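Across the two complexes that follow, chain A remains constant while its partner is chain B and subsequently chain C.
Up next is the complex of A and B:
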């Protein structure tokens, strides 16, 4: 009887102090009316932790540190883990807007979560800059006057990897596809580009997702089909497992492996001995040109010995452009009307060290070049993180899906 | 070229062999689970996390101490086994007198904690681990190219399964273990230190998981979640084989690997489900599992 008492008392005490703490926090938020608050919402603990996660936050902070003070803006950066669950993501977004006075949400990998956050931002008239999610719906049927889509999407990946690989001789394909919307969409669009470039799709294997760890059966089937390119329409660990096992079964050099969604942390995880020769598309690589190297040199202290991929670097670029628009219309106006900031962002040309010069289309798509890379062999690599050879560049005008007539913003 | 049900023979043989290789992993993992359940009555949900630890310890040995694959095969199971020993002594041993459910909850929680710690430290995208140089390359079997490493995995798994079975069924130590499961107080009355034996059994089961982890490191992504993708299938294997039956879990492990391999030829979309379909059928017709003794 006596033992539960302290616990219960502690709970009561905690419950009693809770409103007090909230009461303390609320006036502070109100007092700081002119502070712009940015929330980086992504995966901090799950499969996309390394491709988004803390490095996205670090890149966002870098943009704030470089730009805000010079324009007299005070900017806070918050972050949270959406655990790849749409309900959790939408819940955090609401809480950020209603209670924490957040003005812009950044990153948001996992398409289902991004679409949920997209509607919340529109409803609350805030700003959503997506860098982490791949779905083209954000600039298509579900496009919104409050949303900008940075960095990449499934169409851009398929266009760059599919089209350019056929041009360089990889004209027969076999797909290994994860059995969910993302995998099917990626395969379908890539196959279209392959056929358009006069290549041929010889077959595909659709495997259950999640829950598949061994891909050797599908790799053997691809080998038996005699295709020159193995297209991996999947992501994360599945892609890593596929590449590892393709290496084990000696698919190269008869077959090239095209990973339709893979970024530099995955290559780092595989090691060059296994990843060598892989084809992949990113819109940013740290060693691409003087500007990307300059960005990386500035970001380096915050990256903890790793390198930013396009998504994380895209958080820098997106935040920078957002802050430029905020400085332009003033912090008070920006806090009052998210759509006005987005409209201003679309009106201004973009320019940053990550993507170079670019512009944002009426549907919210950022137009910058995309790059097809080949992973270096261990002999070619001159140091840690020296991973890519540039194979092809797709100009901004061709890299992105033509405006989707399904997007209501375009008709207006 | 001959065909079977419209599938070219060589392709079918290839898939059968691949099924057998995957079955080797299922067999080794379910063997550890069966040993632990048979002797401790604990449903060890942490098994996948310990499998992952085996792979990670191999990676750590290589990267922090320069110790290669072959020594890792010996050292990683010992290190993870020692960790299992500590787990058993400090936590799991407190639950023997309680319902199964508590052991299940505790080990499930442990799995989450272990995986979370590794994710926090090493990230989610995984670590590179190469196939040892002696086992690189492939052998042409006529109907398929078999990577030498996969051949080695099957041989190693068969040897380990056989050795474990012999140890438990044919040695004096094994006889004492089995007797202790039947009637611990009586065995203790004969002067056998039953708690110590139980601790070592848990450590042994854990070491088996770690060994499977080291074997898996060169072919699967070494990441904190690698165990959880295996563990569901492995539990199905143990249930189908009959909870606690060693021979049952080994044979079922290999058998289900083959069934899964064949499904990948005929209808790949169902390859993750087929194991559970088999489990449902077995539970309906033989609730104690294929090799289990009815309670």
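Up next is the complex of A and C:
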């Protein structure tokens, strides 16, 4: 029998096995040293790629670059894609802690993944700083001595958009709600603030999630109900689709659209002609004040022509405060005990160019102001990324959910 | 019927020098695999290996159906996912011990398998696949809406229940031995089933169903039983995974999970003994080790799938076996 010539097929087969071999051989546990390792875990390929993704990593690196060297800390930044799957996220977190000597996990959009990472961090006594996920459970029933919640949550969005919009005249609401836990929760809390501010909810349309792309019937129902404000209790591409279709149906000017969760990359993607007049809440906007502008100027080279939203900027703020606490108690102690770092972070007031001065409550919630914005019309916009008019500011004391008695940390 | 069954059996037994239905080469490969299962946790990360073994179990169960009966199910995520939910729920809320919780997961898988199978085996080919997919989507929707699954958040903080009520599973290595034991047990069981007279009939159905019918076999019964066994093992695999990671979520029951198991089996080699295990290893390793490259995970998965279908249709193990003229 003659030996067969290596064929193209064989080459392909060989090539296909290469990444496997390389992958299995590469990451091995490193000796634990004084290097602090930060893992940014978020969505790099799915629906939250633009609102978190690489810019979150860039902002984390910026904080490291600005602070670490001056205090003699050596800090590594890793990143990974959790694909919005809680089991993948929890698996990466475990592996980071067990094998890669990671001390802190940053960002983590998608509430289900954040909750999974939250319990892994607690089990391993590491630090979790959440900037990307909206769930209030992180500071409520599932609050942990190893977790800090930065940037935003559903309650804060509902408080700012719901309460303040009614005050400025939008007193009758109609909701379009995604039929899952997040959508229902967002609608319920917002509706509560609307009624508290003497507004009225005229009705709601619940649509199947995921998989709905045609919202016309829900939008027409909203129009027929005669409400002044259309509340979108959904996220990501659904919200973008709703805004586009609302524009096509000409809901404005009779109706204003309030997107309960939307940030600046979505507005950029929609364009001002479509997004004009949209109401939304963020806790950071690059053109808010001198400090945010200073931050943006420093971040600019790393952002690649884009602009950070509150989540990405929150990664900078969270990392900076974490490193301050690490510098305070020493890198060795910080590596040994995650809860001690978090306790130190809560004891120190925060201060950074993103959110300004603030403090962290016992349950792990960062208290900073929230802002209700209106998207500018193309005529009002003076330049690239000049997108928002500030409508209302909610003070830190009122912007966040009162301490949840379900959190065991505050009982003690 | 009895005589024809014994003839097939005689043919199977008379094939040269088999050890418990393994050819010498397969026996060596099996020994290598057992050795790898026993020794790799000292080199590689045990939690990752447990994930591989859970998916290997799942892929073997799927291979039993597609490789030996020729039924392409697009609904296996339903068994895997419901198995994982039931195990997680009973371990968390009833405090069941590990083996009981996992067994209940398997029974749940089998229970759903009875319904799915009973409906789906009446049709063949694409219609069979579509019916299983449709039913699995219904299960997915139930999981999305039902209160006990926790919707988007899933069932989290599932304790690693004690084995038999007193052996702690907290350490990763203890859990690893349980998972490895389960995997080897079901791997051997599937092999035993395939090489039993029952398995011979399954293969006959795959090759030529009208002919099997004409020989007097009630082929639908055989297909249904194979379907239920497959869904039982898929449920066990899902339940085990839920205990390993302490979490049961919509990922496990989503249709992309059904697609992933098809990818594993195709990549490893349809109808081969070791193919599904290798396929599960490759796919899980990609998901795990490429995570740092972000969007490249899905791109690479897609590219490898295309390469596989274009260049080595028999899968990795199938292709190696064909090259060496061996049945692996």
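Simple rule for what comes next: the second predicted complex is superposed on the first by the 380 of 412 C-alpha atoms of A that agree within 3 Å, B and C clash if a C-alpha of one lies under 4 Å from a C-alpha of the other, contacts with A are read in each partner's own complex, and residues count from 1 in each chain.
Rule of thumb we're sticking to: a contact is a pair of C-beta atoms (placed from the backbone, for glycine too) under 8 Å apart; a residue touches a chain by one contact, two chains touch by 3 or more.
These numbers were taken from a predicted model, which means no experiment stands behind them.
K.L.:
What is the contact status of A:182 with respect to chain B (first) and chain C (second): first, second, both, or neither?
P.N.:
Only chain C is touched by A:182; chain B is not.
K.L.:
Let me test your reading of the model: by the given contact rule, A:269 touches which partner, first (chain B), second (chain C), both or neither?
P.N.:
first
K.L.:
Touch test for A:389: chain B only (first), chain C only (second), both, or neither?
P.N.:
Neither: A:389 stays clear of chain B and chain C.
K.L.:
In the overlaid three-chain picture, which partner chain does A:377 touch, first (chain B) or second (chain C), both, or neither?
P.N.:
neither
K.L.:
Does the superposition put A:115 against chain B (first), chain C (second), both, or neither?
P.N.:
second
K.L.:
Based on the superposed arrangement, let me know which partner A:45 touches: chain B (first), chain C (second), both, or neither?
P.N.:
Both partners, chain B and chain C.
K.L.:
Using the superposition described at the top, list the residues of chain A that contact chain B and also contact chain C.
P.N.:
45, 49, 179
K.L.:
Can you check the complex and tell me which residues of chain C touch chain A?
P.N.:
Against chain A, the touching part of chain C is residues 44-45, 47-48, 51, 144-145, 150-154, 156-157, 172, 241, 245-247, 249-252, 281-282, 285-295, 297-298, 300, 304, 307-308, 310-312, 316, 319, 323.
K.L.:
Along chain A, where are the residues that touch chain C in the complex?
P.N.:
4, 8-9, 12-13, 15-17, 19-20, 23-24, 26-27, 44-45, 49, 53-54, 78-83, 85-88, 90-92, 94-95, 98-99, 111-112, 115-116, 119, 135, 137, 142, 179-182, 209
K.L.:
Which residues of chain A touch chain B in the complex?
P.N.:
45-51, 179, 205-208, 210-214, 216-218, 220-221, 224, 236-237, 240-241, 244-245, 248-250, 265-266, 268-271, 273-274
K.L.:
Which bits of chain B are touching chain A when the two form their complex?
P.N.:
Touch list, chain B to chain A: 8, 11, 14-15, 18, 21-22, 116, 119-120, 123-128, 130-131, 137-138, 144-145, 147, 149-150, 218-221, 223, 225-226, 229-230, 232-233, 261, 264-265, 268-273.
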